[in-house]
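The structures come next, written out as structure tokens.
Heads up, the next two complexes both have chain A, just with different partners, chain B and then chain C.
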Partner chain A sequence: MNFKDKRYIVLFLAPTVILLFAFLLYPLLQSVYYSFTDWYNFSNEKTFIGLDNYKQLIEDPVVGIALRNTLILTLGAIVLQAGGGLALALLTDSVKRGFKFFRTVFFFPIVISGTAIGLMFSIIYNYDYGLLNAIMRTFGIPEQVWLTENSSIYLVLIPILWQYVGFYFVIFLTGMSKIPEDIYESAQLDGITGLQKAFKITIPLLRDVIASCLTLATAGALKVFDVVYIVTKGGPMNSSELLSTYMYDKAFNGQNVGYASTIVITMMLLGVMITVLLNKAVKKDTISY
Partner chain B sequence: MSTLAGTLGIKPSRRSYTSKVFIYALLIAWSCTTILPLIWVLLNSFKSSEEILTNAFGLPEAYRFINYVKLNEYGNINMMKGFLNSLIISGSVVLGVAFVAGLASFVLSRFQFVGKQLFHVLFVVCMLLPQFAVIIPNFIIIKELGLNGTYLSVILPQIAGNLSFAIIMMTGFMSSLPAELEEAAVVDGASIMKIYYRIIIPLCIPIFSTVSIMIFLWSYNELLMPLVYLPIRDMQPISVLLSLVSNAYGTDYGAMMAAIAISILPLLVLYMISQETVIKGLTAGAVKG
Partner chain C sequence: MRMVKGSKFTVVMLLMTLVIGLLAGCGGENKEKSSNSSDVSASSGSSENTASKSPDSDKEIKLRMATQFAGSDPWVPAWTEAIKAFEEKYPNIKIVDESTPVNQEALRTKIKADAATGNLADVMFYFNGSETKMLVESGEIVSWEEELQKDPDWAALFNSSILEKVKYEGKQYSLPYIGFYEGLFWNKTLFDKHQLAAPTTYEAFMKAVEVFAQNDIIPFATSLTTPYLQEALILSLVGPEGQQQVYDPSWAPAINIIKELNEKKAFPKDALTLDDDKAQALFSGEKAAMMFNGSWTAVGLSKNPGIQITPFPLVPGGKGENMIVSGFGSGWYMKNNEDKAKYDASLLFIKFITSPEVAGKFAAIGGTYAVQTLDSGNTAELLKAGNAMVAQAKDFVMPIDSYVSRESYTEFLKGISYVAHNKKSAEEVLDQAKKLSDRNKG
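This part shows the complex of A and B:
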């Protein structure tokens, strides 16, 4: 059906267009503008300072820490989240029973908020009441302070990785279900073993899925906020800071909102850059069966 | 593949039996990492803090709901009020998105006009735009619109943030619907409004419910936006209250566990009744910013 009445087109699209421009596109331009200003605590005074914020950003040691942490998160996401998801999917695919149960259980953490998971893990790491120290006590090992400057980023990495393994698991499992059975059947006649099956057939055929998972894992690492905010607030001593938590701190704790906007723009540029690079690196010539 | 192997009379060897056991052991072990922390939280939510310290793993001495009763009023944090606020906010976001996105999708899938392609580009860009990109300017926009201190200060930006995803999903669904019913309705002289409400909406119930479940989940779990835009304690949703719990409750870990458990409960129920939708929707919506 093809309607052409212009009045309805305008009337029905207007709310969408207004909302998108008012709360997404216009503010995006504002963010770019703010990133060139000195602006403290949302006051009425903004001073245009050109690229000074960007210069400060390059020299800021905390930004260096945040970038290093983001890199750790990204690598962790690619190797352990996507890799773990792939491993679990291969395992589940090779057994007949329990597929539904495993999928239900593995996916559930994704439904829970980062806030609840963060709170849960901050209790797990707690000195007096935490699960880890309770385990230590049972084995007679002295209790430990878990969240230190050296360990903090890895300890916040654990809940984030744990939460999303099930996501990649489902994506890979869906990809595997699309591989036709007869490929495996002919391989089985040739006497292929389970491991060979995984590495010689399944993984090569899943290349496209793996490529999109890499992009998702990297983009996802840049968006992390909740868990880190709850477990460490970026501390101790900025050691687990991410660009998102640092931006929050700068913007909403009475500091330079202009500088916070600079961090925002940097995060966006990084996101776009990584996505473009990854898409170039993994050339997509689609596999047809 | 196993069917063919079976008909050819290839018997599973002893080696494949032990590897099966090994695979199940791994899969069950990973399931435990999901299930055990949740059970640990649930069990400890019935204990007092002293009991958590002395008996970290075991069953509670008695199933007392004292920790849950406490949630009703803990300093100025009222979890039950938080639930109500979450319901008001997320409910409004879901209804708002369904209403606005429904109209827009109807136009995009059924009307012919110049520049339609441009709208598709707009929605993809807006969907990929991460929410932190606009969190600072929207703070000012909300103030200028006189919305600060109202529920609308988080509802409107959340509607805008979820619109593009909803429109992309709904337009795809509506375009695939056959047009015969509408053609017949036009012949009978039905107005466009009537076609939308009497024909399109009833046919689109499945996609409306999928999109609504997803958006409810995202909105319920959203932390950053209400944390920044809703400073009034009585109006804050459950996610923000949960982020305050570890400071406000001091060492009352039993109550903290109860707070986590009760915030997860609605998600668990939603997941149990609409698991397929949730899994499909969350994997489809992974690219959302």
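This part shows the complex of A and C:
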């Protein structure tokens, strides 16, 4: 490679590198610094306080709730989002008619914004005019307060799962379309059943796709914010708080940017840690057909 | 080959359309408020719909405005009309309206970010009290003494005692405008139907709670995430001096009354997740009999002649009889522009908006005013009753959040739900809020 080639490489990479540095790396490094400061009200005054914010974070009971909820959400994303996507893809792939219809219907929630989905579900759960209580009234059953301290995190999980299950469904469908047809044909000659086809051929051959989906689902679960914020705002009594909603609350309602930055760094470290562990657990061997 | 050429052409056309669309979108970023049509009729009295000359009328001046008059704020129609009238009167001045709703602290965040980055709007209608400190520290805002002195006729429009009350460290950074009060709204029709006395005493209030709860009417429409009820209870119990003792343990019995009311089923079943708009809807829809809220809700409620207003009753052993949370929580701030034309145009706008004609339009919507207003002659009975309540009140205090740190206040508010559901004691909540307040005295 001569110098002229390298010059073009630098030239073409420069915009991306500059943008990544300006809008990702630089703010991230700044956030690391802010997490060691007392910084209130977005003022120009920042006082270095060492590890005090991290000490507060360890003692903060809401952070404990947020971590537990993040774990619930991550498990939900892995089992129900990625798992649900796989199940739907397997079912849709085997239907003779209406394949395009099912593909559109399952993928549809992805194109709706999280805010709109959040609003829709907050109306569904509303006590006075919500859909669920309207159904209860129709059947003569007493109305319920749906969003309670015990139920809120599971109820906000439903729209999040519903929104993204179609995304994994499409990824799995694409993966399945790459499996050569002759493998199935020879298995059919040996008298394979539908379930055996799924468990003995399709799923093993989708291993690398499944690994990618698990990583995506986990990373996605750590970033959830909009739906939870619209439906519950992290309440009632912090019961559906996630690290992301708590960070927002501290930064913009509490105007304590230093502590909010500490939460951001924790989220980032947690994300990196889980992704590395998951990548190690599910080795992404390339499968050649 | 033709197909390939055809599809390439289509792709190129689509990409071009996308790029042009994006560029057009960016180009339209200057959100000039060319005065949308408004529901409020009548032009501003001072505008007279004739173009006047601003101080530097050859030059087009753009003024950035950041106020709370956006979203569902009741004064949006009056604000929109005022901008329209001003732009008609001074055609060379264009208003860039950056108004942001106060909900979710959006306005606070915007102004604070603007101040931190040296990008303050030319004219702001923003909070007084602890928030003034941040603006003063930016070193970019005008102290009004000199301008008020230069124009005694304009200065005479302001109520001097209110001007005095909103001073920060002895200086007049904010010009008070719309004042507010908080009161106990009650539905006389529902009270009469259940043969209940007006909730002017604590006994009558608690009796009403009991009777309405038994009759499947929500006694008190509130969200446990909003501050109004606890503000009223704390003031009623500890009085104005006690209210200034930030998060003092003496506040605890007042907070415990919320727990008592919750146990008596005084609140909507979903009070933990309800927002204030929905609580208001319960009251205006006559599903609830009482509501403690601010004067900004009075306009909507005034259509129902059965709705009355009274100060929150004195709680047993209380020191705050007939005292109300009221004041001028926001005011007009002006950036100290080095550009003389911009400075003069901003001043011109402030004088325009505080003129009796324009203020009269705002007053017709509600609130109490620190400037003289031209009576529109159609003030609703409930608004008159609200103003009478303010006139008869023994004392006024500003809300707690005007003098404590945001973080401590949000923790305090969240704590109310915990106390109401017996998950924390009032003392614990106050102690937690006090610690946060001590850490950030700003």
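Things to note:
In this section, the second predicted complex is superposed on the first by the 265 of 289 C-alpha atoms of A that agree within 3 Å, B and C clash if a C-alpha of one lies under 4 Å from a C-alpha of the other, contacts with A are read in each partner's own complex, and residues count from 1 in each chain.
What we mean here is this: contacts are C-beta pairs under 8 Å (C-beta built on N, C-alpha and C of every residue); 3 or more make two chains touch, one makes a residue touch a chain.
Quick caveat, the model's predicted, so the values are computed rather than measured.
With both structures placed on the common chain, the touch criterion links A:F252 to chain B and to chain C. Look at A:I110: by the touch rule set out above, it reaches chain B but stays clear of chain C. By the touch criterion defined above, A:N238 lies against chain C but remains apart from chain B after alignment on the C-alpha atoms of chain A. More chain A residues lie in contact with B than with the other chain of the pair chain B and chain C. When the shared chain is aligned, chain B and chain C each come close enough to touch A:D128.
Of the two partner chains placed by the overlay, chain B and chain C both lie in contact with A:F42.
In the superposed model, A:L269 makes contact with neither chain B nor chain C.
In the superposed pair of complexes, A:K6 makes contact with chain B only, with no contact to chain C. In the superposition on chain A, A:L91 contacts chain B only, with no contact to chain C.
On chain A, the surface patch touched by chain B in one complex and by chain C in the other comprises residues 42, 126, 128, 252. Of all the residues in chain C, the ones that touch chain A in their complex are 104-105, 108-109, 112-113, 115-116, 134, 137, 225, 268-270, 272-274, 278, 282, 287, 405-407, 410-411, 414, 417-418, 421, 423, 439-440, 442.
Contacts from chain A toward chain B in the complex involve residues 1-6, 8-9, 11-13, 15-16, 19-20, 22-28, 30-31, 34, 42, 88, 91-92, 94-96, 98, 101-116, 119-120, 122-124, 126, 128-129, 131, 134, 137-138, 162, 165-167, 170-171, 174, 181, 184-185, 188-189, 194, 216, 219-220, 222-223, 225-226, 229-230, 244, 247-248, 251-252, 257, 260-261, 264, 267-268, 271. Residues 1-2, 4-5, 8, 10, 16, 19-20, 23-24, 26-27, 30-31, 33-35, 37, 40-41, 49, 52-53, 56-57, 99-101, 103-104, 106-107, 110-113, 119, 122, 126, 129-130, 132-141, 156-157, 159-161, 163-164, 167, 179, 182-183, 186, 192, 217, 220-221, 223-224, 228, 239, 242-243, 245-246, 251, 253, 256-257, 259-260, 263-264, 267-268, 270-271, 275, 278-279, 282-283, 286-287, 289 of chain B touch chain A in their complex. Contact residues of chain A toward chain C in the complex are 38, 40-44, 126-128, 145, 147-149, 232-233, 235-238, 249-250, 252-256.
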